[in-house]
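Letters A, B, C, D and E mark the chains in the order given here, with residues in each chain numbered from 1 onward.
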Amino acid sequence: MINYNPKEWFTFIFRFHKADTFRKLFPLMIAVSLYGFILAYLELEYWSLINSSYVKNLSLMHSVLGFVISLLLVFRTNTAYDRWWEGRKQWGALVNVSRNLSIKLAGYLEDESDRLYLSKLIPLYARTLRGHLRANVNSDEISDLVEIDKTHIPNQIALRISGRIFELHKQHKISSEQLIILTKDIDVFTDVCGACERIKNTPIPFSYNVFIKKFIFFYVMTLPIGWVFSFGYFVVPIVVFVLYVFASLELIAEEIEDPFGSDANDLPLDTMCNNIEKHVKEILN
Amino acid sequence: MINYNPKEWFTFIFRFHKADTFRKLFPLMIAVSLYGFILAYLELEYWSLINSSYVKNLSLMHSVLGFVISLLLVFRTNTAYDRWWEGRKQWGALVNVSRNLSIKLAGYLEDESDRLYLSKLIPLYARTLRGHLRANVNSDEISDLVEIDKTHIPNQIALRISGRIFELHKQHKISSEQLIILTKDIDVFTDVCGACERIKNTPIPFSYNVFIKKFIFFYVMTLPIGWVFSFGYFVVPIVVFVLYVFASLELIAEEIEDPFGSDANDLPLDTMCNNIEKHVKEILN
Amino acid sequence: MINYNPKEWFTFIFRFHKADTFRKLFPLMIAVSLYGFILAYLELEYWSLINSSYVKNLSLMHSVLGFVISLLLVFRTNTAYDRWWEGRKQWGALVNVSRNLSIKLAGYLEDESDRLYLSKLIPLYARTLRGHLRANVNSDEISDLVEIDKTHIPNQIALRISGRIFELHKQHKISSEQLIILTKDIDVFTDVCGACERIKNTPIPFSYNVFIKKFIFFYVMTLPIGWVFSFGYFVVPIVVFVLYVFASLELIAEEIEDPFGSDANDLPLDTMCNNIEKHVKEILN
Amino acid sequence: MINYNPKEWFTFIFRFHKADTFRKLFPLMIAVSLYGFILAYLELEYWSLINSSYVKNLSLMHSVLGFVISLLLVFRTNTAYDRWWEGRKQWGALVNVSRNLSIKLAGYLEDESDRLYLSKLIPLYARTLRGHLRANVNSDEISDLVEIDKTHIPNQIALRISGRIFELHKQHKISSEQLIILTKDIDVFTDVCGACERIKNTPIPFSYNVFIKKFIFFYVMTLPIGWVFSFGYFVVPIVVFVLYVFASLELIAEEIEDPFGSDANDLPLDTMCNNIEKHVKEILN
Amino acid sequence: MINYNPKEWFTFIFRFHKADTFRKLFPLMIAVSLYGFILAYLELEYWSLINSSYVKNLSLMHSVLGFVISLLLVFRTNTAYDRWWEGRKQWGALVNVSRNLSIKLAGYLEDESDRLYLSKLIPLYARTLRGHLRANVNSDEISDLVEIDKTHIPNQIALRISGRIFELHKQHKISSEQLIILTKDIDVFTDVCGACERIKNTPIPFSYNVFIKKFIFFYVMTLPIGWVFSFGYFVVPIVVFVLYVFASLELIAEEIEDPFGSDANDLPLDTMCNNIEKHVKEILN
């Protein structure tokens, strides 16, 4: 994630950041410029369509469909943002539960070795979940605690955490009431993992994705046909700007829909993993 | 569900996937083309209505109603998507609870046979729920565990799971505190089942469904009447495109509203059932 | 509730179901037709206003207010649908809790008479809640269990259920841990009842209701004044269609806002009551 | 709250209820009528601006900003309605918890005096919360139970309720498990109180309030400048109608934003307090 | 936060409060005025573009993009408001849990010194959380209780609170059941802290921020190019008004997105901290 000051308008408007959709859309914008130019040349000079009122009125259709496309793009924006924000909430829940569990364990456990063991495992859950969501678990981190021949590493870490706590219960270091309390916290780890997997593995339904892309494409491609008569060759920059707006919204939605990668708009999982480690150690050691 | 890479714009725009609304709407689009052509012929050549300003202005009505129809279709899209996403969340909850319950049982149970029995029943719940929602329970899968003469199979599986756990409690293999913890998890199974039944059995109110379909039909059918004067015979592809946009939205909404079938846009229940089985076995065995 | 197949477009468009808003609005549509015809006659022939440009431009106002009225109707649609869906969720919760409670009781209770008593009372709660929400409790159903001289019957049933469970606890047939578990379920009954009462007794604020109706009325009534000049006598069907669209949305919202009646769009309470009875008996007997 | 039948369209449209925004806006509408008339006179007759095309085109700006103002008013309507509905939900939770707590106490307590004491205190919480939210606690009601020299009366009632229950626990009239169950219910009282205080004390952010009002004012005030050329003196009723629509939405939002007063649109707190009292007494006595 | 009476329309419209966006945008509005004036001069007098129909039609593009920009700004407004309101809810939860915890401790604890210690620590949590969110913890307040060499002060306070309660449990002043009850409340403190950190540290995704600002800028900057022909020099105030509307919405969203500062629109954290202190002392002492 990029740390930025939302109030620096000037920078936002004139700098083209690496993550800016302007950059990504640049090749497409060039292609559409050419298309618009050729279309304008054909209509205005080659075919001299200037008198045909029929082609001229095409913008009528665009104004009727303008609502639908705008509303659809905002629907897309909303659902993508909701996933991004839900992903953030789930990781926030992981931060909270790591801290809450540590605060309780700090009160319950008197044995230094138990505290040390768990103060290693709790931040490890966050770290392996990050690796699991990015499909690259770092085997060094976990080699001394868990054998990684099994596929679902976060489940294995959860099993280690709950296993130790059940063992402490059997050794009467933890009472039955404390076990009830701790079990609820441990459930949260797997719940967060499941929710993140859900966000990651379930993009917006296929049909919407296809439909929105097709719709944007035909809408923008037919736009210059009618507008050539109103704008002449100026139709080129104008259609490019409309394309920039519509395609940017779709592009940003695509990017933030899966918020667990390491793109510029993705969630700061690294920072959060480090914070969990720092706080858990602060509390338990 | 179709696995797809949301970033392949080119493929989306030019390939006509089997699940694409374009295919499904094709016959309707042909019919509307013919209707538009006949209407254009009648108005332009047979009746030569060109001078009647009254018919020409019909698009005024369409622009006033254009907002309402766009907003209604987005309302429809939103509610259908919410059901689809809620269905996904419920199945996500089933995945989570299957894993959490297994992690706990792995800590509590020492007897191999108890673990084996429950590691069979937990994934079976997901599998029979899938069958129940698709109205085709596979009797082979469950024949050795449950007699299937009773109608509501998932309830019967839940009864078996909780029955075994109450029994283990009576045998003092599970403490009272552990029973409280486990009972909460077992409740989730039936809650998920109830929520899925709700989504499946309660489509959008009848009146909305009728009203939206009627509205789209009359809106699109009256569209060419006025537009013939602006577009001539070009009115045919233009009205077909407007129909494609409006009807696609209604069609996709219909499809994803009930997300438990085996259509292209439906949820990947098979994958999830397999994952539950894999993870539960990984944890409990 | 009407069971329907959402994919039968043809039927929806051409059949006029008894619950269709088209039927209900028919008298109003006739009245507005007459009004439109008289207005058109007066403006076009009696006063011959054709030259007055001022009246002609009235549609400018309608296009400015067209957004607001569309957005308001969608707001109305959204809130009404949310109530309807929340009502469905609450009844879904009732179905779930009836099943979950039965599953637990099936495990806890060994005495046949206790099971029989509770397997009668649990479905009775749903049935009396339905009666309570429709303000016609069927006294036959409950006569042998509860004296109905008290007003709030569902509360009395809840009191009977929890009373029996507390009694079983005193007789040591249910342990303290089991009591905690069961109490949570019993709470849900009254929570569902309260939520349904809330939905039923709290329609959308009075001011919105008045304002939306006044707004639709003046909007539609002033519409033909300006449009007469664009449409001539065709203004009659056009204004009637606009009225049909706007008034239908308000009408459907009114109908589904209170989802517990026995109208065509209301929730299938009867089916749900029967399902609860069937499932509870299947589990407990 | 006004009890009304949402289906009486005729009454809604032609009667001007005391709570109708039409009444409240009447003086403002008169003022704007005068302003519009003077403007029309100046532009049409005094300055005879008829030929200046520049002023005529002002409605272009209004159509660009028309979306924003409509969407903002619907945003305002949505947030105000959400607060109103959340307020209703919180009071619904109070009704539910009062009933649930009574049902449990009816099962737990055998001593008549304990039941009587609590059957007084539970409805009193609702009553003092109503007074607290309206800033006029009726001292007569509470004089015999609580000394009212302390400021936060609902907290004092909650303290009395939980105090008695803790005492009953010490006297072994309530078991430890029952204490856990009851404590959750008592928490709900204070949670409802806190949520209501939040809704009451936190209006929409100051900047939005200022901005929306300024925007409506300048939008409506500049509207007749351009429209005079399209409508002549008819601009007066037209602008007044637009003002009525925009200002009504803001006015209703203001009114329902704080739903705990005794205005026509506010929640029926008195009825709910009486219902709580009736139900609690029915259950506990 | 500014305390204001939402019904004083007159004041809102004509006074320019210090927090008003009008003030903040004043320099920008002057700059755009100049830009508009120079553009109008160039187009109208220097280049005399009056006959070129191509530039004139630019407003066609603005009307197509008008929906998108309006919907995007409302999306921005909605998400910013949601964060602000969630922040308020979290602090409301902190108020509630502080009161609920105190009510319970008032019933459980008999030792004056325990009550005094906890009645200091509970309000201190709110106070240090406020400091933590504003990145200026006041060291005086906490010096006698917590050593502040560690970074995350709120965690340290939570550790002190739970530490004391675990100690009281070990001294048998608090039963196991009471410990379960109290632990849930203590969890809420850290949950609130985590949620506030989430709101504070996760602004809207970078790409949206850049895109919305770029979009507003190009939209407003190109607006006068076409409108000069419709408005002449009047284009200057008109474009400035449009800028005021669009930029205000973005500016207010920026401001309320992080609601924990001490700006005019931020949440009244100081008042809430004082209320918590007052109520906790009222209940516990």
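Following the convention adopted for this analysis, a contact is a pair of C-beta atoms (placed from the backbone, for glycine too) under 8 Å apart; a residue touches a chain by one contact, two chains touch by 3 or more.
According to UniProt, the chain labels map to these proteins: A, B, C, D, E = Bestrophin.
Here the structure is a predicted model, which is why all the values come from computation and not from measurement.
Asks: Answer with same or different: of all residue numbers used at the interface between subunit C (Bestrophin) and subunit D (Bestrophin), are over half used by both copies?
Replies: The interface of subunit C (Bestrophin) with subunit D (Bestrophin) is built from mostly unshared positions.
Asks: In whole angstrom, how far does the Cα centroid of subunit A (Bestrophin) sit from the Cα centroid of subunit D (Bestrophin)?
Replies: Each chain's C-alpha centroid was found; their separation is 37 Å.
Asks: On a C-alpha centroid basis, what's the spacing between subunit B (Bestrophin) and subunit C (Bestrophin), in Å?
Replies: Roughly 23 Å separates the two chain centres.
Asks: Give me the residue numbers in subunit E (Bestrophin) that touch at least two other chains, ranges are fine.
Replies: Within subunit E (Bestrophin), residues 63, 67, 71, 176-177, 180 contact more than one other chain.
Asks: Please list every chain around the ring, with subunit A (Bestrophin) first and subunit B (Bestrophin) second.
Replies: A, B, C, D, E
Asks: Can you check the complex and tell me which residues of subunit D (Bestrophin) touch subunit C (Bestrophin)?
Replies: By the definition above, subunit D (Bestrophin) touches subunit C (Bestrophin) via 1-2, 4, 6-7, 9, 12-13, 17, 19-22, 59, 62-63, 66-67, 70-71, 73-74, 77-78, 81, 84, 88-89, 92-93, 95-96, 99-100, 103-104, 106-108, 175-178, 180-181, 227, 230-232, 234, 238, 241-242, 245-246, 248-249, 252, 255-256, 264-265, 267, 278-279, 282-283.
Asks: Under the touch definition given earlier, write down the residues of subunit A (Bestrophin) that touch subunit B (Bestrophin) in their complex.
Replies: Interface residues on subunit A (Bestrophin), with respect to subunit B (Bestrophin): 53-55, 57-58, 60-61, 63-65, 67-68, 71-72, 75, 79, 150-152, 155, 158-159, 162-163, 165-166, 176-177, 179-180, 183, 186-187, 190-191, 193-195, 197-198, 202-211, 213-215, 217-218, 254, 257.
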